[in-house]
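Listed next: structures, encoded as structure tokens.
Look at the two complexes coming up: subunit A is in both, with subunit B in one and subunit C in the other.
Entry: the complex of A and B
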């Protein structure tokens, strides 16, 4: 068990990186508290797997250090770090039985066979593999194999962190939910730090206490699912999380007044921007409503999503989405919309204005 | 009511291949079967002899000796080429610019015509002018493959290893390349030794291609003719006369068509039987 600190981490796959764009990971400072359930969320190619491999020791960072509590593990190989990793595609040792698979990490470390036996039984019971212990691992279904991968991680008692790299990719949809609840349950039971990498916001938000959102090699926000939803620190977070994502509209700021399409807009964080910064306002579709006065919009499309409808409108050539309850009316013509000022925010160069870049 | 209308046109599509196989395999094989039960003294006059030739071949010491040499040759080269091929494949780079260099180097021996391989090794090993033969003799080793059976065998085996290990390497390498990185990463995390990685990841993943490699090398080496014929012609004496060379001597040297035909069939059945044994043993325990 350990607290994991990433200290000024940078990584490039190039031998001699020159510009900032050459880095797959750009300046990262993150602390993962002991026993936390974290999700690492971001689109494909944002550096999630790179970061994971640096923590596990499969990759050595170009710059910066990795700390497990007070130990600098940057130069330690994976097996010396006491970590476990579950990969996107199930890794099982085909020729072995489920029992031998689970016992493998212990036997490699020369653990006494009676200890191996009791430990494997315990883990098999936790991961619902008891009935299959003496089957060949290659004969199991994808979710069974993923449980074996997970079990091999859990079987060692000294594991500091268990990392999951999009572990549900090959699992049937109806089993995804089951396996996810199993993970959550296991986390409660064993209290080991878990880091769950995914590009699926539902997986991230349901699994994690804290979600780390990555974009283009940077961590843009760390927060609880509620924080990410209610107060995105970056337009990317607003857009990436939520369905549909946050409306991001170009704005102009002059003398403390913020305008969109020539109409003044009230925001939660009115700040004067420095010259040259790009101003945008962000408001989630949940907080846009039809009103008698406000911004004139043209309604383009209405999609029924069951309990609510998603209205896609546009004003001044920019798209604005609204979520409208099924009992509310949608005006036929001359529609105008207004934003909930407490949930409308000003962004400067993509970052929440007044708070600046970084975490 | 539903009637199942069978479309017979599909047969037309397989017809060309049936004709091809008939002419190139079935008809010649039947001719051999035909010869194997008859005796001829020329003039296209044949007498039916039943299983006489089969009995003669099976009881012939000459056949036993050739079969013994053949089995020794095949198992020796399998024992060398399969492990060596796997070891070379394991040491080959997995990515980077050297991959294609290695692959081309490995493919080279396979691209050389078989009789050229025989001729090359013949000249290479000649004790008076060949690089290998002369060097060995200069080092004080008494080596002459045209006179000493042991030298002839060494040369024959070295030639086959040189010529065919590449095939095993390429197949094993293909098997290794199909292993996703995650397996190696998981093994690292699980603290597996490199032996454990080989034993539990690489070998199982290579098993299918190795089965093919063993079968191909078994069948090819059991059928081998051109290279030893060019290298030693079966000599000195009969010491490197393998089955195929013996067969050609019987059929075309002595014109004993009946015994040669019976021998061909026995030869064919041995290959079929041993291939089946190899395949069954190597794929045993595989489910699905």
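Entry: the complex of A and C
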């Protein structure tokens, strides 16, 4: 097990990168504590797979160092890093039994057969595979096979970190719940550092104690799930996390007063901006409500999401989403909306105003 | 445009894939097939399209028996989970391809391709090749191609499954609008209850090769006829809890009881099952009608804005989903609450009994 430090990492796939845009990873500093549950969250193309490959040693970064505890592993090959990986598609040897699949990483390293047996049984018990140990893996369902992959990831006791690359993408929703819970429980039990890479906010937020949100080769925020939800540092985080994401509306700031569409709006962080900065107001659909006085809106669409309805409204040509509970009413005409001021924030050039850019 | 399956079934090598199924889809409507992998969604679509022939039964389209008519001779479009486009053709030519096959005039092709590209927000990408597009744009191209030929029946088999979460959200929001003014019947397959809900229209709940229930989506979600339909249409899984009615009270155990009003009061004493959706079970007491239960906490999943807690009580496993972050520790015993007027009432065999478990509507 190890603490992982990514120190000023940059990476470009070009031989002679010139501009910032040539870098798939722009500049990255992250410290992951030993035994933590972390997630790397971002859309396709944000650089998360590049980063994963750098940590596992499949890729050498253009600049910067990777540390496991006090060891610089930047130049070590993957097999010298003691990492376990679980991929999107189950990697299973179909002709082997479940037992032999789980035993594979141990036997590969010459672990003695008595230890193999007890360890495999322990892992099989954790992953609910005990009853199938002597079946051939080929007969298992997709989630059964992914459990084998998880089990194989967990079976070695000498790994520094276990990395999961979109492990639940191919799993049905009703089984995702079970596997996600299982993974969380396994982390509690074995306390190995785990890094979970995904584009799915639900998976990232429920699994991790701390989430690294990436966008366009950069880390835009590192925080707990609550911090990411309640205080997005960048409008991208506000948009990317939450479903639907945060409403982002153009604003004007003058003499400490903030306006949207000519209407004054109270925000949690009223600061004056420097000339030339783009001002925006960010407020999540959860914190917009119908109100007798407020911003006049036109309701364009109401979608039933079961436990709430998503109301898509617009004011001054800008879309404003609201979440309305099962037992709340939606006005038929003359709707107005108000924002919860403690959860409404001002953004300057995309970043939370008053806190500056960067991490 | 009406599609009707009359007692259609399919067996392959002695194994039943689709049990005898009858279904009449709403005229020019949006219909979602909801079920897990292997519940029969894709097979049902292939039967609808004429890609496979049913072992028994008939497929009717616009009051015409099309059972033996191959897919080429029927005006059908399909979109799959994998983005399928011609890699060597531009987006423009990809969208135009079905019209070229149908020998539509050059000027009409141009008009229709551009209209479709506008609807799909592909206007600026028309001269690109599929490989130069994002996943969302590739799938939009495939959908545009499916729509441009004005098919009578459009079948979409988990079209958003391979897309990023946010792209999925965006396209899901746009999809019903894309079909709104078109005179075609749409059938859309998904494994996700939340997706079926947001798409609206009608939903077919499928389970192991059988249609469990078919109806308007909101009605099916709120008023399922069976516990199985409620299970198919619930994510996280609905809590199905055995209860006992005695006199004017329902009871989970000695400590957790409530009054039966109205219709529920008139029911015979004996065992029943209640169906409680996870968001109706909360770690916070809500009003005076709450029934309290003690749960042994197994798993907590905190997502930043809500808490999902898995807990056990007797030999049942429950799930609670609530707003806000609630500090509940794994291993502890905690109180959870629900309002019985939110509980759907079922017979022990899973048939729905009227309204809620306190009387009145659920």
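The definition used in the following text is that the second predicted complex is superposed on the first by the 352 of 359 C-alpha atoms of A that agree within 3 Å, B and C clash if a C-alpha of one lies under 4 Å from a C-alpha of the other, contacts with A are read in each partner's own complex, and residues count from 1 in each chain.
As a working rule, contacts are C-beta pairs under 8 Å (C-beta built on N, C-alpha and C of every residue); 3 or more make two chains touch, one makes a residue touch a chain.
Predicted, not measured: the structure shown is a model, and the values here were computed from it.
Q: Should the pairing of subunit B and subunit C on subunit A count as a clash or a fit in the superposition?
A: fit
Q: Is A:271 in contact with subunit B, with subunit C, with both, or with neither (first, second, both, neither)?
A: In the superposed model, A:271 contacts neither subunit B nor subunit C.
Q: Now for A:152: first (subunit B), second (subunit C), both, or neither, which partner does it touch?
A: It touches subunit B, and subunit C stays clear.
Q: Considering only the touch criterion stated at the top, classify A:341 as touching first (subunit B), second (subunit C), both, or neither.
A: Neither partner.
Q: With both complexes overlaid on chain A, does A:58 touch subunit B (first), subunit C (second), both or neither?
A: first
Q: Name the contact category of A:244: first (subunit B only), second (subunit C only), both, or neither.
A: Only subunit C is touched by A:244; subunit B is not.
Q: Check whether subunit B or subunit C contacts more residues of subunit A in the superposed model.
A: C
Q: Identify the partner contact of A:202: answer first if only subunit B is touched, second if only subunit C is, both if each is, neither if none is.
A: After superposing on A, A:202 lies in contact with subunit C but is clear of subunit B.
Q: Would you check which partner chain A:108 touches, where first means subunit B only, second means subunit C only, and both and neither mean what they say?
A: A:108 sits against subunit B, while subunit C stays out of touch.
Q: Looking at the superposed set of three chains, what is the minimum CA distance between subunit B and subunit C in Å?
A: Checking C-alpha atoms only, subunit B sits 8 Å from subunit C at its nearest point.
Q: Can you list the residues of subunit A that meet both subunit B and subunit C?
A: none
Q: Touching residues of subunit A toward subunit B in the complex: what are they?
A: Touching subunit B: residues 53, 56, 58, 77-79, 83-85, 87-89, 91, 93-96, 104-105, 108-109, 136, 138-139, 149, 152-153 of subunit A.
Q: So in the complex, which bits of subunit B are touching subunit A?
A: 180, 182-183, 185-186, 188-193, 196, 200-201, 204-205, 287-288
Q: Sort out for me which residues of subunit A touch subunit C in the complex.
A: For this pair, the touching residues of subunit A are 43-45, 142, 172-174, 177, 180-181, 184-185, 188, 199-202, 205-206, 224-226, 228-230, 239-245, 286, 303-307, 310, 312.
Q: List the residues on subunit C that touch subunit A in their complex, please.
A: Residues of subunit C touching subunit A: 36-37, 134-135, 164-167, 169, 173, 191-194, 197-198, 200, 217-218, 221, 235-237, 277, 279, 298-299, 301-305, 308, 310, 321, 325, 330.
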